[in-house]
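In order of appearance the chains are A, B, C, D and E, and numbering begins at 1 in each one.
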Amino acid sequence: QNAPVRIGYSMSRTGPWTGGAQTSQEPNFLLWAEQQNATGGLDVKGVRRKIELISSDDRSDVETVVRTYEKLMGSDKVDLVLPPWGSNANFAVAPLANRFQYPFLAPTALSRRLVELKLPYFFLLLQQPKPMCDALVDMFKANGVKSVAVIYVDDLFGLENYAALKVALQGSGINMVEDKSYPGGVKDLSPVLRSMKDKNPDAFVGFTYPPDTILASRQAKEIGFNPKFFYASVGTAFPLYKNVITAAGAEGVLGMGSWNSKTSPGAKAYFDAHVASQKKEPDRWASGACWAGLEILTNAVKAHGLDRKAIRDYVANTTHKTILGDIKFQGSENVGTPGTVGQWQNGEFEVVWPQKLATAKLNPNKPTWK
Amino acid sequence: MMWHRPEPFRLGGAPRAHLKIDGLSAGYGAFLVLRNLTLEARPGLTVVLGPNGAGKTTLLKALNGLIPRQGAVLLNGEELPEKTHETVQSGVALVAEGRQLFPQMTVTENLELGGWLVPKAERARRIEQAFNDFPKLRERASQLAGTMSGGEQQMVAVARAMMSAPRLLMLDEPSLGLAPKMVDELLGIARRIADAGTTVLMVEQNVKKALAVADRGYVLERGAIVASGPAALLARSTVIREAYLGADKDPASGTTNAADAVNRRKATATPA
Amino acid sequence: MSTETRQPLLEARDITVRFGGLTAVDRVSAVFMPGELVGIIGPNGAGKTTFFNAISGVTKPTSGRLELRGRGLAGQAPHRFAAQGLARTFQTPRTFGDMAVRDNIAFGLKFAGKRRREYLFWGDEVGVPWVLRTPESILGLIGLSAQAELPAAAITPSQQRLLEIGMALATRPRLLLLDEVAAGLTENEVEEMARLIRRLRDELDLTVVWIEHAVSTLLRHVERVIVLHQGRKIADDVPRAVIRNPEVIEAYLGDEMSETDTEATA
Amino acid sequence: MTSRQFLIRDLLVLFGLTGWAVALPGFASEFVVSMALTCLMYVALSSSWALFCGTTRYLSLATSAFFGIGAYTSAIGLESLSWPVAIALGATIAAGIAVLMGAAVLHLRGTYFAVLTFGMTELIRHAISYFEKSVTGTVGRVLMVVPERDTVYFTVLLLAVLAVALSIGIRRTRFGLAMQGIGADEQRAQTLGVNTRLVKTAGFALTAAIAGAVGAAMSVRWTYIDPHTVFNPFIGFQTVLIALIGGAMTLWGPLIAAIVFSVLAETLRLQVPQVYMMSLGLLLILSVLYLPGGLASVRAETFKGWWRDSKAWWRETRDDLSGETERRKQREKQQREARHVY
Amino acid sequence: MSFSAWIELIASGLITGGIYALVALGLNLQYGLMRILNIAHGEFLMVGAFVTWMVAATFGLSPLWMIPVSFALLFGIGVAVHWLCFRRLTATSPNLDVFEARGLMVAFGLMFLVQNAISWIWGGDLRGYDFLTQPFAIPLPGGQAQFAVNKLLVFGLALLFAGALIVLLRTTLLGKGVRALMQSPTGAQLVGIDTKRLHPLMFGIGLGLSGVAGCLLSMAYTISPSMGEPYTVTALIVITLGGFGSMGGALAGGLLLGVIEAIGMHFTNPSLKALLSYIVFIGVLLLRPEGLFARKTRKA
């Protein structure tokens, strides 16, 4: 039949999570549905069926997320669900996914603990802290970095990354000269940055959220803290970063990121389609993972229809070809995509490490802030 | 010893205020307390007497625009505005029931605000005058008004009203809570203010003393004037003697309690 | 009354209250015997209300001792005073405005002090005069029965002062402190208030301390007067003596009592 | 009605509502049940809040502190403790903290109290964050062992019923009356024999206990908790808002408001996704302006009053616009002049 | 730590503190003087920030032009909000406590309304632009310290506005008039205050100041529709430290908080800093509820 495929999700359109959700996640869902419908619909085992997205705002509130998914999976019994934004929300819905047996392909959940829950229906697309930090340290070692200074936000994201970095640094010969945590929503990091400047490290690493990423960059510029390697995380790969800091200012800044339009032809097509349809660029980190997840889902439905058990098995046991390259799951974790490091060069966020995935050569000497 | 200041409290160049009230009705919502009241306050000191709940306070509030009114209220032939702040602008000040001080502000601040409509330099001068008139207030210039003793608060209220240098000063039970000596002094001030050219309209419970200083008196009962005339005459009238002064000569009524008196008056004052 | 043989109900020794640099009450000592009706007078700001506040626990005295029925209570919370049978009214009425007049009284009854406990213990209302048993009877006593159902904020200020008395009575006190309960009344009404207070004292076996500026009436009814001036006690004697005290005349009375009745205080 | 009849009426209403809520999981969909759960959570929180804060007018913003403490207790305790014990422990610890907090802040009134309780909530949140980070080395906890959804539902239901039943019962006792007296005039109540310190501390602890228990029960729904989610000040704000909208001084107000608010918020969220938060804000403002006594005060009279007011307003505006007001004033003046006032 | 490092640290604390003070000014008028606990303060600030960003981003106009514009815009909104909501509240509330509680609820409503209106119009994304971010070295005894020009600008204007307000409230009766109004509406009318005008005026100025603060903040920080709440909290802390209604106190409180935080952050770490500021806040409230800098009698 040609009844539409009903796909539900809840998304943060108001509240503190909005920025992230509206950059890396929801635009991709919309683009995906638009693209599929333009081709006549989602291919369900050979039958094209239109996609009907059933979505609502979750106010950046966990309880609302839970309630919404209970409604979607329990009452509305939609055909498929797409995941909410952020680790906290994904934590809350992961057990539900299992109870109702809906496969979840989460692009913006990042925590070892989620992996450790060992939930068969739950998959995490993003590279976890360990591979990311390993790649970063690897890059440092290759470029003769001797000392790093670290700041990290004191929540799960910051702590896990920090822990992973510490493990990665062990035996690397790199000295951690300073490590400080800060609370989310901080308005001034300059005292910390000043004392880091005094220690004159080769590299600065920040496990930060978008507003803090920008704050740290601006304040580093302000006080003239300009280490050879300046690495920040969430937000660096966002188009926002370039807009706010300006392309010249961003030159040489490193960040968590895993792709750009040069990564693969698919990625180029996706990037262009995104700009055309959503009137903004996707970010160079989680958006790619999100799109890859949708690609996997599309293929799974094509092969197995809407049989969710079959979809799960397909996702779990196949090596998927996506815009990010091969994706393969071990338990919940994506072990196919290696850790990466990105860098702003001439207004584009390039993948610079590991070298086999690099879209441009690493600039190992960050120019002074502009 | 507080009032040895020979010159009057205030001497403005304003014409002597003459208040005429004709057909005034006022009340609370649908409940009319005053009906068609006619009253006149000439330059000098006019006192309004009456039992509890007669509508004395209501009268003053209506004149000052604190509650809506109907009828003509003319000050020197001109209609008195209906908004309180405008009445103050046109030279009418009221020392209200319950004093209405600003309890969390100092005495000085209360006085300053009394001179809200007055230029700054003039304000400072008047505060100085008020302090001369009430030396106690100078001592307590920076005490919060709310922590002052009952009587002291009354002084602040009167002094604050004088800050606007009104043409017509209305006082609602100014002697409430004052020591006998203070009562005398306060009534003395009221008298002097009146002599200096301000028209004073005063509601008093202290009948004997009030009539002793006033020029004219009105007796208000149940929202209507039941007697009026020169104060001296009124003091000797039977109406007053029976209703307000007579009881202490009447030992027979030993069993009635104070509340009965209050209520009886209240009951009579409330229109059925 | 042979007060000498009995233990004082309240004994205040050298009570001092300071507000910053101002000494509002300055080493005032006073003793109140059971059954007395004592008046307190003094110029405005003399410290009368502050003295009441100090001996009822509302203000902590800066120094001094307080013994209520043999118990040292200085510095304790007001409810401890109430439990020992002390009740008071406030100069500016502080009734529970949103509650009905009756409920204001009922409130006091619920938390009645010592006598209430005796009643529980003996299983009978020992020592509780019948008029203090129900809100209705108290309302009858103070004459507010007609207003029982009105919210307290809706009655006139003078009625609120009566209600204050009612609330105080409801705690079944032994010592009743009245602060200007007759303010704003005409002379007749003050007189009747005085009779009510006397009657309360007589029938309910109370000790009453009464602050009032209506001196002539006050002096006619009380047995003893304490005069405060600038925080200090300047006289403590029978009315007849006090009105002749030059210091009192100078500070407070002025010519108030000169023509008024020596006959009343005789 | 006499007070006894009121008691019976209230208890019957409560009984009826409870019966209905108990039956709910049997016939309603997942979604309705989970909505009912949110609803019950706010019934419990705001009823217990109103029980103390409404009557005494001590506006506490610490609900989220107690909620969070309960949540953490059950997150830590559930692995070794049984469900009821974990809940009870959450309540006890929250009450204990409330007693400590109360000792420090209950002598301050009004805004100071509100701001302080808010500050303390934040302090607790940051302290726990910091403690977790520096001692346990991680922030937040994953709840591995979680009970069935229905267990959670019935627990929260029980707490809600308990909160309302306590409100019904306590307002008739000396304790309830004492709180009312404190709300009206604390010092006056003291002079009438109320040990205010004791009453306030007890009341505050009681509120805290229920909030703690609710927190303990609700946290299991989120699998993962961190200080930011469970000490979210908005839990406290929402509780206060609901209680105030319903009428903090009333018995049924918080309950009515919790139901209305949850249903309305959810319906608007699903029906008008674009502007639902704005509509919610607008409704909130309107309800404060035109229903100052709270939802519990709505009577037929209220609507008639609105109707009258709007008619009067319309007449006035019309007169003003058409110049009628001016003309009337003129007429009155002429009449007076005709009577030769002067 | 060297002397110059100390100076630098304190200077950076002062600058952050100046920003805190700026954020607090508007709320201090509304809450400190008028008893309207405007929990939507941060939201109105956000409106100022968004308007500035929009103009800067679309027309490329210098954000400095937006300082008076956002003041005027927010002032207008303030007067309108007052006319629509608080006028009625003042008229119908039986006493100050009730007014405060109801005012708080209205403010909550406004918060939902404003925040979501903005996010409806512009979306929930994080925004920002680059303006005067280049460092500027100021000579200090024993060395020099660098600060972004926009921060210095914000700091300077914070001092300016605080100073202007202090002067305004000291030399005129406006502030006292508003406080009087809250303590006894009848009393205020009796001394001749036009209560129907003064109130909206002050409320409008309060909002106008939030607009200015928002405008200035958008130069130094990223903005988003949900940015408001932390600013409201900061503002509340600052005015409590300084004493409700005291502009000088708010300035001093803001600066003090900034310095304490900077020092705390330097010697411990930023996470402890949050703990520290709340401890200071609670300590002050418990020990000196009238504010750190309040004298017995309050001054503007």
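As a convention for this text, a residue touches a chain if its C-beta (ideal position, glycine included) is under 8 Å from a C-beta of that chain, and two chains touch if they have at least 3 such contacts.
Predicted model only: the values in this text are computed from it and were never measured.
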item	value
Fewest touching-chain hops separating chain A from chain B	2
A-D or B-C - the one linked by more C-beta pairs in contact	B-C
Chain whose average C-alpha position is farthest from chain C's own	A
Computed distance of Cα centres, chain D from chain A, in Å	39
Distance from the mean Cα position of chain C to that of chain A, given in whole angstrom	76
Centre distance in Å when chain A and chain E are each reduced to the mean of their C-alpha atoms	36
CA centroid of chain D to CA centroid of chain E, Å	29
Multi-partner residues of chain D (at least 2 other chains)	126, 129-130, 133, 277
Multi-chain contact sites of chain E, meaning residues that touch two or more partners	115-116, 271, 274, 296
For chain B, residues contacting two or more additional chains	none
Complex contacts: residues of chain D adjacent to chain E	57, 59, 104-105, 108, 110-112, 115-116, 118-120, 122-123, 126-127, 129-130, 133, 237, 241, 244-245, 274-275, 277-278, 280-285, 288-289, 292
Residues of chain E defined as touching chain D within the complex	37, 85, 88-89, 92-93, 97, 100-102, 105-106, 108-117, 120, 233, 236-237, 240, 244, 271-272, 274-275, 278-279, 281-282, 285-286, 289
Chain C residues touching chain B - in the complex, by the definition given at the top	19, 22, 41-46, 48-50, 91-92, 142-144, 146, 156-159, 162, 180, 182-196, 199, 213, 215, 217, 252-256
List of chain B residues in touch with chain E within their complex	64-66, 83-85, 88-89, 93-94, 96, 100-106, 109, 112-117, 142, 160-161, 163-164
Chain A - residues contacting chain E, complex	12-16, 18-19, 21-23, 60, 151, 154, 180-183, 185-192, 194-195, 198, 210-211, 214-215, 218-219, 221-224, 235, 238, 240, 243-246, 249
